[in-house]
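Following: one structure in structure tokens, then a few remarks.
Order of writing sets the labels: A, B, C, D, E and F. Residues in every chain begin at 1.
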Amino acid sequence: MRVSVYRRAHFNAAHRLNNPNLSAAENVRLFGVCNNNNFHGHNYELEVKVTGEVNPDTGYVYDMKDLSDMIKVEIEDRFDHKNLNLDTEEFKNLNPTAEHIAYVIYQILRKKIGKEFDLSIRLWETPRNSVEYPA
Amino acid sequence: MRVSVYRRAHFNAAHRLNNPNLSAAENVRLFGVCNNNNFHGHNYELEVKVTGEVNPDTGYVYDMKDLSDMIKVEIEDRFDHKNLNLDTEEFKNLNPTAEHIAYVIYQILRKKIGKEFDLSIRLWETPRNSVEYPA
Amino acid sequence: MRVSVYRRAHFNAAHRLNNPNLSAAENVRLFGVCNNNNFHGHNYELEVKVTGEVNPDTGYVYDMKDLSDMIKVEIEDRFDHKNLNLDTEEFKNLNPTAEHIAYVIYQILRKKIGKEFDLSIRLWETPRNSVEYPA
Amino acid sequence: MRVSVYRRAHFNAAHRLNNPNLSAAENVRLFGVCNNNNFHGHNYELEVKVTGEVNPDTGYVYDMKDLSDMIKVEIEDRFDHKNLNLDTEEFKNLNPTAEHIAYVIYQILRKKIGKEFDLSIRLWETPRNSVEYPA
Amino acid sequence: MRVSVYRRAHFNAAHRLNNPNLSAAENVRLFGVCNNNNFHGHNYELEVKVTGEVNPDTGYVYDMKDLSDMIKVEIEDRFDHKNLNLDTEEFKNLNPTAEHIAYVIYQILRKKIGKEFDLSIRLWETPRNSVEYPA
Amino acid sequence: MRVSVYRRAHFNAAHRLNNPNLSAAENVRLFGVCNNNNFHGHNYELEVKVTGEVNPDTGYVYDMKDLSDMIKVEIEDRFDHKNLNLDTEEFKNLNPTAEHIAYVIYQILRKKIGKEFDLSIRLWETPRNSVEYPA
């Protein structure tokens, strides 16, 4: 009995989109208002999906308290109320687009969750814009 | 033209998580507050997904009134305002985790929906915790 | 500068509606499926509204971390994953309708929040049913 | 690095469900209140999913401003505040079920989005009824 | 103990905004795309608020099943899947703006709910536009 | 016939909470993670409420297109994708708490909306935290 379980969490952060290998003008052209030098910010809404076999002892795929604690320690404590560009190791040299943030969250959690589970990340940057990794 | 159609419904129920083959202490360790002897409860939000070919006469994959009536009779009438552990046949001997509830709903509806359709169940136990079967 | 601030929280609980001064038949007539002997349950969604003057030092009416901590300790820890009828002092002799739950939450928080603030409670029993106290 | 990006939009429209090759009685039987001669209407909520490789210069799969502008011009301007049956070319001879609307939106956007991207359409006719194409 | 109770419901309808006492050009100027001759439509979301004393026997202000049945019979059956301008008595000679629809719903329900209760109507025409009567 | 109309909008911004008249240590004590030197950010959700008499020619209290255009020009263009502390005149010398942001939005819109209308601002900083001005 293979089931997917989903857990939601959120964090608030500032960021700006910028590629240091491109000119200022090119960055404005590519990223528009998201390139604002002084940053802007979002309430990021995160949904972590873990897929695996149901454990016959518990009836759980994955203990949701363990999963939410892991998300708290690994993701919320790392990114919440932070400036992604300035305050985090992960985005010092990586443009913090929603695509890249989802990818980074996947890489962090992938190391913490056993190989017998599949993992997928959905991230809403706003109620209208979201991404999913892996596709 | 193959399309998926989704119908949402909900039911309110009490439950507790417990494995009678394990000790009381082990049940507390595994299920924490969800093991509370006197039960707790949820507003379960259900989304049923049916996938198939569009009928050229109707432009429908599946008549949504038929689907919502089926969910009403087969799922809501069975589980709404019930104690899943005490009032239902399905969970007398099955721990009513969200994973198992989704699996049971799938088995009930699978028998009612023609084999030419694929079926999938998404179940939210809270706005932050949900499951999907099959994965 | 007088402003209202709102904080949302939630708790999951089992309950049944029953008036011990009335006959079983009368209780069924009044409360229908909500009278189920074995209980049912809800995800209660709570919004606490505090109104007062903005503190010129902080720009806050009320520190939202203090408010959310208070709600956690006083309301969530008391009612979450509980059977309201069996596990709580407050509803041993009070029918746990949404109206009464909002009233009880108001009485608990009113003692913890300074008299210079107005207080109001909104409680959703389901996404479609909610109450507000005081009216 | 293959990622899916999602963009939400909406439009309000009137429609009726009717198959001109069938009798009036048969149309009522098939479509019930949705067959009402004088039309009814919905707030359609649309989610467009585009899947592809992340561009290493931008960190984007697809520029969300370009995508939202495309949805505005191609879908919202075409269908918003319209009678789907009377005011649009697309549904003059096609029954405007949610299945067909999602299919039509897919065909329109498919021509505008490069072949290196996968495309998928989710359309909510009401908060409880939605469809997805391709399945 | 005075409490407000709220019940949500919804209906889908077509309408157009038009004032027959004004010229066609003036109607277009005032109502824009909402004046479309062939109608457009909405999923109307309704919240009915009833305020009164809590009945000591039931712990209810107003039986929510009675209230939801009343909304079903008086409002949903009257307006759901209808063309407000063509299919209803209420809007044959009254422009079906959200303001007027809320007012009409208030008048209908006011006659059905005892004078000891206050009544208020909130109506969402879209997730972004709503009205409340009385103000 | 006096009715309230509500219009929703949103903007994304970075901010930090800080009172320059207090020590760094006192600012950390008061504002915690919200004091982060490098800013954090939010998706602010705004609801503007305008109350007045229904115009008998239009059936409108206030033209919603005019209201949404005004919010676009006066609020979204001013604050969206900005750093409230660094990029705006309004918060150069005013701590950008939700209370103050709602107050500032009220002052801006109050000058644009006729005196015959009442005005109220509701602002969500996160889905769980919101404020209302005037109280």
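Rule of thumb we're sticking to: contacts are C-beta pairs under 8 Å (C-beta built on N, C-alpha and C of every residue); 3 or more make two chains touch, one makes a residue touch a chain.
Computed from a prediction, not measured in an experiment: that's the story for all the values here.
Colleague: Show me the overlap between the contact partners of subunit B and those of subunit F.
Modeller: Both subunit B and subunit F are touched by A, C, going by the contact rule given at the top.
Colleague: From the C-alpha centre of subunit B to that of subunit D, how far is it in Å?
Modeller: Taking the mean C-alpha position of each chain, the two centres sit 29 Å apart.
Colleague: Roughly how far is subunit D from subunit F, going centre to centre by Cα mean, in whole Å?
Modeller: 33
Colleague: For subunit A, write out the residues touching at least two other chains, lowest number first.
Modeller: 127
Colleague: Write out all the pairs of touching chains, ordered by chain label.
Modeller: A-B, A-D, A-F, B-C, B-D, C-E, C-F, D-E, E-F
Colleague: Inside the complex, what are the residues of subunit C that reach subunit E?
Modeller: It is residues 17, 19, 21-22, 30-32, 94-100, 102-103, 127-135 of subunit C that touch subunit E.
Colleague: Can you name the residues of subunit D that touch subunit E in the complex?
Modeller: By the definition above, subunit D touches subunit E via 10, 12-15, 33-34, 36, 38-43, 80-83, 86-87, 126-127.
Colleague: Contact residues on subunit E for subunit C in the complex?
Modeller: Contact set of subunit E toward subunit C: 1-9, 51-52, 54, 57-61, 63-65, 68, 118.
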